[in-house]
């Protein structure tokens, strides 16, 4: 558990807001291609493409007016530019499956760009980017921005198996070094991302990660243990994506050193890796602001 | 919210206070309004019904806090919020600056809490009135649901009406989870409620087929969205039928102008859009426009003419 | 219904009577079973819960009798049916011939009606037991809803239990439209109910935007379908929590095996599939198979092991 | 109002059940073409095609597992044979609109054939077929069967306007004479179908009609007034289509002369034109069997 008696020794500042507010548009699907176990959709969404910054996401309405699925689905932006926004979707449940079934020419209702982008790297720092599964897609834009700004960039892309890797070719085209790991050894080095992260951390001045929560936790803890600032893009269950429903919270330590239930859609999805209290996600501990009013008090 | 191309007079009122649009947000479904700014002209919204506030800041419940359900959702947020101090310091001034009207939802666990909140909100700029959340099923114990007991409900409303700014209309927000909603409505109206907000969520439960346990930490949660619309309309119909003089702020599954029209025809003089905002962040503005068009198409010159029309 | 390729023992019972499948039809949603014959092996269905029958033949209400709603529907059939004579002469012999089990739903407007129906059904071949519909909100007046009053509900159940064939389990069918469903459940269980069927429809209303009047002639109707599933699950959960020894026939929006699993985990030892049959005439058989697979995947050797598992 | 003191003078017998029970299938859309204001869908549904008889219908599930529309939509069969079933759909509300949006290759869940077919014509009788709007589509198979059985066939196809006519070319290829009427005069003779029906009734020995209820009523009354048996395929709002929900009833006089609320899906949709109490549709009169138990008694 992160130290939470004041903000002493914290390595990160909270990620700042994005420069631009989101927009809501009905856009056309202009490209669809299977990418391993995923489907990449390309959308003609010029004002979203202009506004988007790496780490942000979009939220799709699912199935039109007669759909029984009311809540938007949040999907990270994998590429934005030239009037076009791309996303990589994994068919997890009914909503994301519906998304993967869109065809070229279909219209989709999308809100974005949403959430806080990855903050800039410290001057001169070499960056280590860690992506798990489709999470690697969200790092492509970040890798490009960092290299353009003159940062050295290493990448670790991991997945359960080869078919669940993502964006490796794109990242290889940008980063200095791309290490691939798979749990089952079907591609790259066998094992979790940690096998490569532990190696590359030594040279890193900042770490960025996107992927499943257990991976984020491991990467953030490893970085913090070495005194390296890290930023993680979390994935919490979201109902609205725009900050009005309060379903997507997790315990995050603020600049005052106090822990609050913070909305991952608007105060995240990018948080300082040493600010997210991973061990307490899904729990309510007494030191969360307002826990006392819920009857949870210091033991 | 663009001005609609209809001649329909969309003005209505909450209690004695006039508002330019009959379409409001629903408490807990648009936070304190700020996040809607990119999508909606906040000053044109009938009023922003703010997330229910209590005396102290609240963390709310641990996650998972929601489950999607067919045409609806279950939530158990646990009234996360800044408390009345935070509301007065940050949220209400922000809204007032933008000319937005706040219809402040207050909640508590004791009658005195409600009264104290009402006192704190007296004369606050931008506050149009109070919605008294006596029916939220998400708080710690089932015992807290004042709205299920006509006596407890009236006690709260009487105390709030007495404590509140006389210029603030006081609306009692009712729960549908009762055998006789008309009885509760009558009790709170007699205790001084200037109007009724109805309905709050229905108590529901979802079990996760993987963990084989209730999805929500709080076990049960509140069901909202289009799924509950027929229940909400029935409640509005029954109460307007029994108490035609009591203004109703109708809500429960409103997603389109035609949905809102149903509530108006059943007896609501204004409506709140809740869960639909999660689906469409511009829903409040869209519903206003669609309702205006629907009224015009049906030959109504004003919204107020249509209120309760289905009973006539 | 094809035999599923799982080793799960799907037997369960209604009261003391064993049935081969926990999946039943719901009263009013499969008529008297005949129309399902092209789609389902009737003898393999847990039991056919027949449309509620009264003493006399009933025309039911004039049309329109239904309105589609988001993930559900509203109905106001008015208990159209042949009356007990028609049931005994035509429907029950037809089912008995095919080896199908009839769980006969009875309804009435006076306690004596229920008792008389129970007497008429004593010893009738093919009749497995009785479901007592004390909760239908579709009959002529709101006053007829016995299920909203624990005392009236118990009066009916006590009279039926006394009059009925001792071999016939008597299930009381509860309405969710009450402040305290556990109170009603406890009252009827203490009056001799061998089990509880829950839930009946929720009282709802839909207004036709064209006519600007309620769609249904009876103004209000009963809301059913997946929209109400979270409410039904909550009722089953609460009642099983309070009365773990009382068998529950769970229903309300069941459409898939995983939906049925939720009811079982919440405490139902059998389930009824209602509105989903309108969407899929083979739903009853499909839900049985999907439930068997779901139980097997979760390592249950028998259905009964899973009953109430979410509470443990 | 039809005479209902006994069944004296009734011109029709109730339509008998179909020879085959329905089946439920997931079938492929193999053809889609706009037909005036409608869309004709062709389905690869061989066992339905084999079983179908003129006057029957199919019921479609709308929108898959994540659809908020739960109830099936009933659509008359316009053609059946060679392993294929065709329907003509008018986009009236959300469900029928969804149907018209199906594309070739899509799968749809359909139950059928449902309902009772049109009964045979009396020996040697000349048949008059009257179709309103898309209702004409349901008469194509009937016209073919009647001519094959040696009956003379005249057709009246009417609609509000030219674009709402249907199946006129197909009917012209089968029937001896096809009269077209439109309310606005945009095709054929201006006015309601009655302008042509009144002329052709003289030579008819039996009348069959499919279309909106007011049209059915007019045609049935005109036929009955001349002592000609008529059969009408009614369109009542249906929730299940298979006879289990009791939503689709209308007052129909049985062979015992008593009026019952009969299900239009299983006891219809084809009823004797002199058996449907058109004036009382949507009402409950005291002489409907079981009305007394509803508190409606003889005045």
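Points worth noting:
Letters A, B, C and D mark the chains as written, and numbering starts fresh at 1 in each.
Heads up, the rule we're going with is that a contact is a pair of C-beta atoms (placed from the backbone, for glycine too) under 8 Å apart; a residue touches a chain by one contact, two chains touch by 3 or more.
On a predicted model such as this, the values are computed, not experimentally measured, just so you know.
Any chain touching chain A that also touches chain B appears here: C, D. For chain B, the chain whose average C-alpha position is most distant is D.
In terms of their C-alpha centroids, the spacing between chain B and chain D amounts to 47 Å. Between the CA-based centres of chain B and chain C the separation comes to 34 Å, rounded to the whole angstrom. Each chain gets one centre point, the mean of its Cα atoms, and the points for chain A and chain D are 57 Å apart. Note on chain placement: the centre of chain C and the centre of chain D lie 34 Å apart, centres being C-alpha means.
Counting partner chains per residue, chain B has residues 70-72, 225-226 touching two or more of them.
Multi-chain contact residues of chain D, defined as those touching 2 or more other chains: 68-69. Contacts between chains leave no pair untouched here, as each chain touches all the others. On chain C, the positions that touch chain A within their shared complex are 70-71, 226. The touching residues of chain A, counted against chain C in their complex, run 68.
Contact residues of chain D toward chain C in the complex are 21-24, 61, 68-72, 109, 111, 236-237, 239-240, 242-250, 260-261, 266, 281-284, 288-296. Of all residues in chain C, only 28-31, 34-39, 51, 54, 56-66, 68, 70-73, 75, 77-78, 80-81, 83, 140, 217, 225-226, 275-282 touch chain D in the complex they form. If you check the complex, the residues on chain A that touch chain D are 62-63, 65-69, 94-95, 98.
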